[in-house]
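Paired with chain B in one complex and with chain C in the other, chain A is shared by the two complexes that follow.
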Partner chain A sequence: MKDMLKKQGSNICFAFIVILLALVPVMFSAGLMNSSTVLFLGKCIAFAVVAMGLDLIWGYTGILSLGHGLYFALGGYAMAMYLKLQSTGGKITDFMHTGGLEELPLVWKPFLNLPLSIVMIILVPAVVSGVIGYFIFKSRVKGVYFSIISQALTWAAYSMFIALSPYTNGNVGITEIKSVFGSIKGDANRGNMFLLFYISLGIMILIYALCKFLVGRKFGKLLIAIRDGENRTYFSGYRVSRYKTFVYVLSAVIAAIAGAVFVNFNGSITPSQMTIAYSITMVIWVAIGGRGTIIGAVIGAFLINLCEYNLSSGAMVEIWQYLIGALFCITILFFKGGIVGFVKDHFPGDKKAAPAAQAKTEEAKV
Partner chain B sequence: MEQFITTLFNGLSLSSIILLTSLGLAVTFGLMRVINMAHGEFVMIGAYMTYVVQQIFVKFFPESVRDIYYIVSIPAAFGVAFLFGSLLERFVISRLYGREIDSLLATWGISLILQQAARSIFGTQGVNVTAPSFLKGGIEIGGCTFSYNRIFIFVMVLLCLLMVWVIMYKSNFGKQMRAVMQNRPMAQCMGINSRRVDNITFALGSGLAGIAGCSVALLGSIDSTVGQSYIVNSFMAVVLGGVGKLAGTVLGSTIIGSASIFTENYTSSTIAKAIVLLIVIVFLQKRPQGLFVIKSRNLDE
Partner chain C sequence: MKKFSMKMIAAFAAAGMMAMSLAGCGGSAGTSGGSESTAGAASGDDTVKVGLLHSLTGSMAISEKAVRDAEVLAIEEINAAGGVLGKQIVYVEEDGASEPSTFATKAEKLVDSEKVKTVFGCWTSSSRKAVKPVFEDYNSLLWYPVQYEGMEQSPNIVYTGAAPNQQIVPAIEYLIEKGYKKFFLLGSDYVFPRTANMIITAQVNAAGCEVVGEEYADMDQTDFAAIIGKIEAAQPEVIINTLNGTGNVSFFKQMAEKNYTSANYMTMSFSIAEEEVATIGADILKGHMVSWNYYQTTETDVNKSFVAAYKAKFGDTRVTSDPAEAAYDAVYLWKAACEKAGSFEVDDVLGAIRTGEISYNAPEGTVTINGENQHLTKPVRIGEVKEDGLIYEVYSTPAAVDPDPYLTTYDWAVAAGIQPIE
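On to the complex of A and B.
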């Protein structure tokens, strides 16, 4: 029994989170929760999804992307464009009028129907990350150099989205949209909200399963090999840059899916979702939850956001900024494994695993 | 032609500020393999110090000597940023040697704290520094106006660069620093106190960012995010120029600064950012380590 708990620890933990979330609509119906909390938890599901993607690329492969906000927002915008056209009935929007456009611009055309929109949600970030990743990883740019480039990429994209205001509505972003299943506000639309919530939960489970599936086999071992000794992996005959590009694209697509889910709950998307600060916030979730564990990303995303949701209003907003900064700093300095790593180190089920983890951190320091 | 010269002048002016901020970044990265995301906040500290010094002068000194405030604020900004840098190195950075990516993240946490501290102390609204009277206006040559404050910034940066060059290549400390940079264990064996070298170097880099803050204060209003707008360009300059050589940083910042001003002038600021990024990516195809590299046979460097 104990052995199973050890082996399946993360899966059990994930199942626990899923069951808790599945009970949320029930609790809402029973009047134990208000609707904004449910919407907020829906957003958390999206955050957990993007965190899992980040964990794949950072925790497992050791590539720190400071630009996942870009892919998150690309997915979000794609979804929002479809939803906006749904609410205008395929006509051009107000901000396009203001921007001087007479008819629907070509880039908006694919978003007139749902299947094509979903294709675009996946295709656009995949192409962008694929091209960027191909050129960067081919020239063996790595470590902080990559982080800086990804940061600059987000920065450039951010200012571009603001500048192209007839197409994207600039700073304001795309607002006043309903979810895929229609309006989710109010008692009458409770069914829509539940449907959306459970579908999002399903997406989260699928992504978790996919990540676990990938890291559980040779592919996952290879990612760790790249993280711990990139040159050795090259010398063993693997085309490291291809693996890196693949993981980058995969995590970008996961981020985009998360963005699409997010928009449904949030009801709007703004360029602030693709800032550098927002992208690093995502890294904070993974770092505090525990990198390289997948479940850590989920825990981190929920925990940090729940804290922020409860603390960052009114007088606490200042303290929250100090707190998150200090927490992040201390986690990186002293608890490299985050929450999951801490639990693993302090409750070692079998004696073999603990020294191995110790040795790994020692090695990483050298 | 006139427009070209004005653009060139503005480009040089931006380049010089980028140079000041990226010098510290490049040297600390070369020396300790540590990327300091809070570097922009040292620019902010310098800018706010200028504001504080001005307020003190307005309060306690007669009108006739008020203009000196700016001259006083430069060493003040340097000193305070130096002190903060030294503390940051002592308590945070020194625990992160060799963990490049982790250092980047930990210093981001510091940067969040410093930004919030600035908001708590000075408020969320931007504050303004009035330029001293001797920096108002400009000289006109052949239809182009060269504003005094930009000329002043340019000269100041040249002086700082000279200072850094003397420290790095002509002083005993610089010799120790370069030794640690090239081969840390060997330098330690020779009796160099590498901890001290690291600390002073990091603090010097932070101090330079503080001076950059002084010049930024002349150009616009100061708020808690003032450092962020320069820092992305500085990072790019470091990536482009390579680490560990002064010439690389100078060239890198000149390219980034001029490229962004020129493209901005002929297109728009948005496209400028994209083009600068493109330039860096294309450069890195040929030279992944930057333009200037310290030659080494070490594979993982």
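On to the complex of A and C.
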């Protein structure tokens, strides 16, 4: 029993989170929860998905990307463009009209149709991250230099999205859109909301399973090998840059899927989702939850967002950012492995495992 | 051992945070975890709950704080005078954190979880656009207190700031009348300046004058050398400035470094109020023109007591400004609408608003909610910045101007086709 708990701890924990989330619509139907809370938890699911992608690249491979907001927003924009065209009936939007466009621009054309839009949600970030990753990792840019480049790229994309306002609506972004299943607000659309919620939950489970599958086999060991000794991995005959590019693309695609889910719940996407600050927030979720554990990313994303949601109002309204900051500092100073690392250290299955886990997390520090 | 105890303290701190957040989440169905700012909150018999939704953190906090303060002042004054329909107003504050998606999430929380009767909030157009569908979907009511670019009319929003025809259009008319012929349009790169400049271009061309340049700066741009170069080359008679926030500080300082004053290049600004004058410096801005509906120096009896109360509550160094005044009006207008409706329910209040009879004797003069487009009929004032950092009126429209957010009553605007498509 104890052995199983140790081995399957994170899966049990994940199953527990999934069951809680699956009960959310039930609680809503019973009147124990508001629809705004359900929609907020839907957004949290999206955040948990992007955090898992970040954990793959940062926690396992040791590449600290401070620009995943870019991919999150690319997926979000792709989804939002489809949804916007649904609400205008395929005609041009107000902001295109204001920007002087007469007909639907070519870049918007693929988003007239849902299957093609879904392909674009995955394809666009995959191509962007693939090209970036190929050149960066081929020239062996790593560590802090990679982080700086990822920030610069995000900043460039942000400026571009604002400057191209006839196509993107500048800093207002794409607003007034419904979800893929139609409106999710109000009692009449309760069915749509539940459908969206459960499908998003399904996506989260799939991404979790994919991540666990990948890190559980040789591929995962290789990622850790790259993190802990990149040169040794090169000398062992592995094409490290290919693995890095692959995992970078994979996490970008996961971020884009998360962005697409987020838009459905949020009803709008703005360039502030692709700012550097937003990207760093995502990294903080992973850091607090615990790097290199997958489950830590999920826990961190839910915990931090729930904290922000509930603390940034009323009496705490002026100081909530200090509280979140304090939580982050405490985690970094005292629990290097985040919440999951803390649990692993203090409730080890056997005494020998604890120091090993500690050492591992310390090495993982970039 | 010592290290271990530190860890335990930290663990308790973290656990406390988690518990707090989870408790807040679980409890949010009824009332939220400790958000009410006045004791005895809940939805008791003698109180009515409203929401305040502004950025209290992030880049917009500095501007939105003044607006939020004016709303709090109005609420406290109303409570001291006996409340609305015999009920004391309780406000729930949410932080939009200068991020449109957060605004949308928080708006949803206020109207759905907190069940507030109305919300006073937003500043930027992007935050308003993000929350607009929320208020429409939940059939709730938002009071938006800032002048904006127009071209919008939501049945669930009351706009207490100026529509373009109550700020931009009269200012350009005034300039044309004063004989200015060559206009240079300078703005930050976002929706308000872009739409404003589209309107101004149509108006200026229709009057037979000329736009000699149009430039946009990034929101946080600090280097204006290139833009100043273009201004020098274009030789405009007046610069129409729709820069926002920090851009204004850099632009005017760099103009001053070249010894350009209002005598060389006159500017007409739409986003510079008393607070911004204090940041940029009155010595740099003196002689320049602005256009608003209200200044701290506006001479009405109501304004004297408003300014006095504002300074008494928030400090002598604080100044009142147009957005703050519009926010203050919003609370009083909501009170008037509730009293006319005899109810706090959104449909009843909206019904009262749509009669077009809700008015309030505001610091800027009497304002009336237009029953059709839910903007205010309000006076327009062109002002000039003086050495003391205050703005003094140099011209005001003879009567209050009716709002026309889509500019449908202006032939040149209709001819230019600037109205949005259906």
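The rule is simple: the second predicted complex is superposed on the first by the 355 of 366 C-alpha atoms of A that agree within 3 Å, B and C clash if a C-alpha of one lies under 4 Å from a C-alpha of the other, contacts with A are read in each partner's own complex, and residues count from 1 in each chain.
Methods note: a residue touches a chain if its C-beta (ideal position, glycine included) is under 8 Å from a C-beta of that chain, and two chains touch if they have at least 3 such contacts.
These numbers come from a predicted model, not from an experiment.
Contacts of A:T98 after superposition: chain C is touched, whereas chain B is not reached. Touching more residues of chain A than its counterpart among chain B and chain C is C. By the touch criterion defined above, A:L64 lies against chain B but remains apart from chain C after alignment on the C-alpha atoms of chain A. Contacts of A:Y198 after superposition: neither chain B nor chain C is touched.
By the touch criterion defined above, A:N34 reaches chain C but does not reach chain B. When the shared chain is aligned, chain B and chain C each come close enough to touch A:A163.
Of the two partner chains placed by the overlay, only chain B lies in contact with A:S139; chain C stays clear of it. By the touch criterion stated above, A:E318 is placed in contact with chain B and with chain C alike.
Once chain A of one complex is fitted onto chain A of the other, the partner contacts of A:F335 are limited to chain C, with no touch recorded for chain B. Once chain A of one complex is fitted onto chain A of the other, the partner contacts of A:F246 are absent, as it touches neither chain B nor chain C. Across the two superposed structures, the residue set of chain A contacted by chain B and also by chain C is 159, 162-163, 318, 321, 326-327, 330, 333. The part of chain A that touches chain B in the complex is made up of residues 62, 64, 132, 135-136, 138-141, 143-145, 147-149, 151-153, 155-156, 159-160, 162-164, 231, 276, 280, 283-284, 287, 318, 321-322, 324-330, 332-333, 336, 364-366.
Those residues of chain C whose C-beta lies close enough to touch chain A in the complex are 6-7, 10-11, 13-14, 17-18, 20-22, 24-25, 28-29, 32-37, 56-57, 92-95, 97, 99-101, 104-106, 108-109, 111-113, 125-126, 129-130, 132-134, 137-138, 151, 189-191, 194-195, 198, 218-219, 418, 420-421. The residues of chain A lying in touch with chain C in their complex are 31-37, 39-40, 43, 91-92, 94, 97-98, 159, 162-163, 165, 169-173, 175-176, 183, 185-186, 266-270, 272-273, 278, 303, 306-307, 309-318, 320-321, 323, 326-327, 330-331, 333-335, 339, 342. Residues of chain B that touch chain A in their complex: 29, 35, 92, 95-96, 98-102, 104-106, 108-113, 115-117, 119-120, 228, 232, 235-236, 238-239, 268-270, 273-274, 276-277, 280-281, 284-286, 288, 299-300.
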